[in-house]
Amino acid sequence: MKVSYFPGCTLRTKAKQLDKYARRAAEALGVELEEIENWQCCGGAFTTSTDEIATKLSSVRALNEAKVKGQPLLSVCSACHNVLKQTNDAMKNNADFAFKANNYCEFEENYAGETEVIHYLELLRDKIGFDKVKEAVKNPLTGKKVAAYYGCLLLRPGKVLQMDDVENPTIMEDFIRALGADPVVYPYRNECCGGYVVMDDKESAKKKSSKVLESARLAGAEIVLTACPLCKYNLEKSGMDMPVVYLTELLAEALGVKED
Amino acid sequence: MQKISRETLIEKAKELLQNGTVSSVLGWKAGEFSYDVTPATFNSVEELEKDFVYNDFCGANFSKYLVKATIKAEGKILVFLKPCDTYSFNQLLTEHRFNREKVYVVGIPCEGMVDVEAIRKAAGEGIVSVECTNDGLVVDTLYNGKVKLAEQDVLLERCKVCKSKKHVAYDELLGDEGEVIESKRFDEVERLEKMTPDERFAFWQRELSRCIRCNACRDICPACTCEQCVFNNPKSGVENKAAANSFEEKMFHIIRAFHVVGRCTDCGECSRVCPQNIPLHLLNRKFIKDIDNFYGEYQAGAEVGSRAPLVNYTTDDIEASDAVRKGDGENA
Amino acid sequence: MQRIGVFVCWCGSNIAGTVDVQAVAEALKTEPGVVFSTNYQYMCSQAGQDIMKQAIKEHNLTGVVVCSCSPRMHETTFRKTAAAAGLNPYMVEIANIREQCSWVHKDMPTGTEKAIILGKAAIAKVNLNTPLTPGESPVTKRALVIGGGIAGIQTALDIADAGFEVDIVEKKPTIGGKMAQIDKTFPTLDCAACILTPKMVDVAQNEKIRIFSYAEVTDVKGFVGNFTATIKKKARYVKEDVCTGCGICTEKCPQKKVPNEFNLGMDNRRAVYIPFAQAVPKVATIDPDHCTMLKTGKCGVCAKVCTAGAIDYTQKDEFIEENYGAIVVATGYNPISMDKFDEFAYNQSKDVITSLEYERLMNAAGPTAGKLLRPSDGKHPHTIVFVQCVGSRCSACDEKGKEYCSKICCMYTAKHAMLTRDKYPDTDVYVFYIDVRTPGKSFDEFYRRAVEDYGVHYIKGMVGKVMPEGDQLKVRASDLLANKQINIDADLVVLAAAIEPDKSARPLATMLTASMDTNDFFTEAHPKLRPVESPTAGVFLSGACQGPRDIPETVAQAGAAASKVIGLLAKDKLTCNPCVASSNEIMCNGCSSCANVCPYGAITYVEKEFRQPDRTTLVRRVASVNEAVCQGCGCCTVVCPSGAMDLKGFANNQIMSEVDAICK
Amino acid sequence: MQIENKKPLIVAFCCNWCSYAGADLAGNNRLNYPAEVKIIRVPCSCRVNPMFILRAFQRGADGVILCGCHPGDCHYTSGNYYTRRRMALLFSMLDYLGIERDRTRVEWVSAAEGAKFAATMNDFVEKVTALGENKRLEDLRCKK
Amino acid sequence: MENKNLREEIIRRSGVNPLKCMRCGKCSGTCPAYDEMEYHPHQFVYMVETGDIEPLMNSKSLYKCLTCFACVDRCPRGVEPAKLIESVRLSVIRQQGNNHLNTDTIPDIIDEEMPQQAIVTALRKYNK
């Protein structure tokens, strides 16, 4: 199976592990990640304003490239996934925006949201299947108490993202189970870590992140799992004593492809 | 695609007659001239071999004949249907006009039928014979001798803008099922829509004034299978007692077109048979185009039992005033 | 040729002020068919009517045209007058020269000219009128009530009380509905069971009432006065007439782990069960999804212990057909699913419950025997948060919530809060509300008592999220008046879930050709003036199937529906509107266009034999109009391609002749 | 050619339950509208056969207006929805034949809208008057 | 009226209809940044609706919204307050010299581990 892959800027720099393990694990599971040529940064956030066109064009180009290849477009970073998915939805359902964006891009054929945008977790759940992942696990993480941290970007807005039940998701817990570990469910798993506001107000981010980790700790977690570099940063900066790891890293570990 | 031959059809008909599947065959018979073919019923292999013809002039839509034929026939009737005929066939079934069990449909592929009028225009008057060969028509005329014509140039209007090569009803196919195709059939309607009202009025006045009220359009129309036509009904207020009733006289074509709204499959027979060459199909097509435009695409006869647009509605349908603007290509 | 009499009314100066009535009468005298023409000051007066009667007799009139006020005003009057003089009432036509002429035009010549034209049109129409006789259809003197909740029960009792037979069809094993699950009723705090169960017993003991419990209506045919319903009696594997309701089987059944739907799954019942102690009929039912005997063929304990020998594992679903004159829909409501509102953690914590579940927790016959205990650990909750409008007044996503106000939640939440504080003064009770809606007798006083006398904390604002942490529920909400976000550590959260019509209502509406709104509530024939009738004649509405409502409203409506049914069943025959469609069979093609557009399902098709000119016979499919069902809209006449369908009283040629008269 | 300011002839089909009652209300409130408007009562707007409209035009009407209950309020639940479809198609066809589109109209008038009825009629008569006499439908097939 | 135009522009750009709000306060009941805000989500909606926009534009609340979309998902009326807040913020930062994040100070804010994502997102949210 081949899918188009949009790594995103952070995965090239601060979050190399997220990218590296995503590729290794995919290979081990028989999926080829074909990196989109000349991808540009998604911009980190989807501007909801209806008059913002230019800031969304890099996503439109990436989406169109995947369409031309006839592949789903995969990303692992929560932010990239969120931006791509929302942009795709706008191309599909907002005629005005699609018209303008197509005018800028001048593709051979207008892009109308044809590409299927999937997150790495959806690749595992829907394309490969958690049962197959489970079969491929070489080092089951038996007994490990893992708390999934969804944050906001993976789930919301629910009617666009459509990954899982927004308020009571299970995809990461099912993933953790597939790796042989014990998922820990805690109430703050879909609360915000503080996000980009850390650039404006470090205290705000710290407050929110520490609540998340405190909540996970109370529920008995040993480690916290995330898909987002910014979440990882904020959580780690909260000063709480709780390891935070990327989900691809844990996956690579379980599949036995972590070490070089 | 290899054209289907008379022999293939006779062979199929023979087979079905002999194995008892059908007891009669609805087919074409030569008239006075070779280009003058008429529908006929064949009851035996002998009759078939003697009179059955099949050539580029077999444009007639047989569906309508089945309404009467199925009543008379004892056993099953074999009918050869071209793709466009099958839509009328289904539409009549939707309206419960005959018993499907009494018909055996053999779908035959069609690359278009030719128009005698067009040949006359191209080759001149005094046609003695027309030979259909695989690479065109050879027309023998009194005044111009033998004239060779390309089939494409003398196709019936409806075949030039054929909407579908798909058989939507059959028991058996000679050839492929075929597909619905892109058609330019609405181009002419659009051209009229773009005219000014004055120009449109002048156009229709010129065309409709030629009508001699011969009723050929009604008599051939597969949607006009009424037990008694409104124009023959003294209580309808539009009875055609004599051409003197000016209401009936003036409004005949509008009323007729409205009567077949949502039921007309755009088979084009009305225009084919009109002795005055009035483009009657442009009335029906306007309705079809508007229906597609206002209520979503609808093809009468595409499936049996579908609900025609005039016996259906949604609560947010377009208002009549907006429809007039939208029907004209303006933004409603 | 008709012999028509024309009567021009002055209406005092109302008409005569702007219309020269004399000239009108004179002008119309020479119209075809007119043999008599006059004018009079007040045609509707006794003297005016006498003039008409006399003229009808004297001139042997076959038709009458009255140029007067609107037919909506006096058409009935003049028809009666004509009938009294021996003329068919449908031979009368009115030319409206008051509302549509003298009152809207100012000068005499204009008014007079128009009045003459309107008169001519009416004359042209009468020339083509034919005498019409209203048809009659018999009435089956039995009613069907679909749904056995308080709405159905009250309707059935009232109908039976008037002496008519009633059948109740209830899909559950017992009647009683939602009210049987409720603990206390607002605003009086009566015990629901105490006021409901006597009615249930009345139903059981009433000779006129039959109960088909554990049954469903699967088909309805016919029309007002003459319905035929097919009722499916589901196999309950217990002989209803043999079972004594002793309950021994329900104690001995080894299958103990079946969620008890009566207590909303908060405790368990056996595979053979009686829903609750006061069930009517008090008969056991075997749940085939859980019965080991039915599933594997091994067990048979209930049959062994049943001394009456009522158990029958071979029972099959049974279909019966019954005739009815009227049908009452009383299918009720259900709380909506909370799956799409998991910010309130209903699916994440046992201690987040719906209000109906709270009713069972408070009820002495409930899973906790009336003690307020948390479902998760059986501990007594000290802080309880009630959340209002969960899924009500929600227009955000399709199919998530309901756009309407569920109406009953404000009051029952006040009741819950009050009862909780009353029984357990050590609890803190918070109610988060958007608005408190308490229109109703003694309703607002009731809510105020909860606040003022019982110390319930009402907070204007909405709960944003409920987070189960440890054995607590962290409630994050806004207090709009304090402009604060507040956090409450609650032990129990109660959601006031929106209510929606029962799922069985939609297919039932299709069967009955009764209309529904987009929320699947049944529509009334007129929202103000015919609130308990469906637009489909003979179908009546009772209770929450029509919209959210509380018990007193439901009972009131149930009684109103019953009185409408009684009014119908009291008639031996129904007179039909004679202005109905009729099909000329000779011209009918049988194409079904008319049946497709008929809003009443009045048109059916029959196979009919026709003699052919060649003396053979031919069987053709032709339309046939049920005159008792047809309401005379005429929609079918226009879609009929052959013009075979026409409308009596408004026939094609009649309307055409009016057009002609006006236009020339 | 004779230039005469002939008064137009307008035929209004009104459904019994809403629009006819609306017209009555206009009368009750003495709201004036031109006498050129002649009302024909039908049970429902869906009773109006396109033939009636064509007949009126052919017999010399200069404008035809059809009034019914508002969509969703039909006394017969769905009649006016069919009316709306029929008239949308008919009017579009008349326009296609070159007939002036202001000669036809559908208007939803409830029993409470007496003022709307009068205003509609005033407006319609004004528009039709501006168009002058209806020649086209009479002329469509005239052999000059 | 300038304010009226501003109000129209903000509403149009957000694609949100504040009139749909039934003032339940669920947005504010769910907002994780509530305590940092001077004006809370439900107030944003109400103040835009009434045209009282000046105070919003001058408020630091604009930069506290996390765009976590919790209010968007949970609003029972589909009002989507976060989109309104973004629209008001754009009205501010699109004016000359009104960037919220001074690019010169970025080196002081960030540290070794700060991901690019944070910087680009903040630039997009805070600057023209």
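Just so it is clear, A, B, C, D and E label the chains in written order, and each chain counts residues from 1 on its own.
Here, a residue touches a chain if its C-beta (ideal position, glycine included) is under 8 Å from a C-beta of that chain, and two chains touch if they have at least 3 such contacts.
Just so it is clear, the model here is predicted, and its values are computed rather than measured.
Student: Could you tell me which chains are in contact with chain D and with chain E alike?
Tutor: In this structure, the chains that contact chain E and also chain D are C.
Student: Decide which interface, A-C or B-D, involves more C-beta pairs in contact, and give its chain pair.
Tutor: B-D
Student: Where the centre of all protein Cα atoms falls, which chain's Cα centre is nearest to that point?
Tutor: Going by the distance between chain centres and the overall C-alpha centre, it is C.
Student: Taking each chain's centre as the mean of its CA atoms, which one is farthest from the centre of chain E?
Tutor: Centroid comparison gives B as the farthest chain from chain E.
Student: How many angstrom lie between the CA centroids of chain A and chain C, rounded to a whole number?
Tutor: Using C-alpha averages as centres, the distance is 51 Å.
Student: Could you give the separation in Å between the centres of chain C and chain E, each centre being the mean of its C-alpha atoms?
Tutor: The separation of the two C-alpha centroids amounts to 48 Å.
Student: State, to the nearest whole Å, the distance from the C-alpha centre of chain C to the C-alpha centre of chain D.
Tutor: 36
Student: Show the residues in chain E shared as contacts by 2 or more other chains, in ascending order.
Tutor: 70
Student: Identify all positions of chain B at which a residue touches two or more other chains, and write them in rising order.
Tutor: Counting only residues that touch two or more other chains, chain B contributes 236-237, 310-312.
Student: Among all residues of chain C, which ones touch two or more of the remaining chains?
Tutor: Within chain C, the residues that touch at least two other chains are 343, 397, 597, 639, 652, 656.
Student: Can you work out from the touch definition every pair of chains that touches here?
Tutor: Applying the touch criterion to every chain pair yields A-C, A-E, B-C, B-D, C-D, C-E.
Student: Where on chain C does chain E make contact in their complex?
Tutor: 343, 389, 393-397, 401, 434, 460-465, 476-478, 480, 483, 485
Student: If we count contacts the way the header does, which residues on chain E are in touch with chain A in the complex?
Tutor: The contact residues of chain E facing chain A are 12-15, 32-33, 36, 63-70, 72-73, 80, 82-83, 86-87, 90, 100-101, 106, 109-110, 113-122, 124-126.
Student: For the complex, give me every residue of chain D touching chain B.
Tutor: Spelled out, the residues of chain D in touch with chain B are 50-51, 54-55, 58-59, 71-72, 78, 81-82, 84-101, 104-106, 136-144.
Student: Going by the contact rule set out above, which residues of chain C touch chain D in the complex?
Tutor: Chain C reaches chain D through residues 70-72, 96, 98-101, 103-106, 110-111, 113-114, 117-118, 121, 515, 535, 579, 597, 599, 631-635, 637-639, 647, 650, 652, 655-656, 658-660, 662-664.
Student: With touch defined as at the start, can you tell me which chain C residues reach chain A in the complex?
Tutor: For this pair, the touching residues of chain C are 339, 341-343, 345, 347-348, 397, 467-470, 474.
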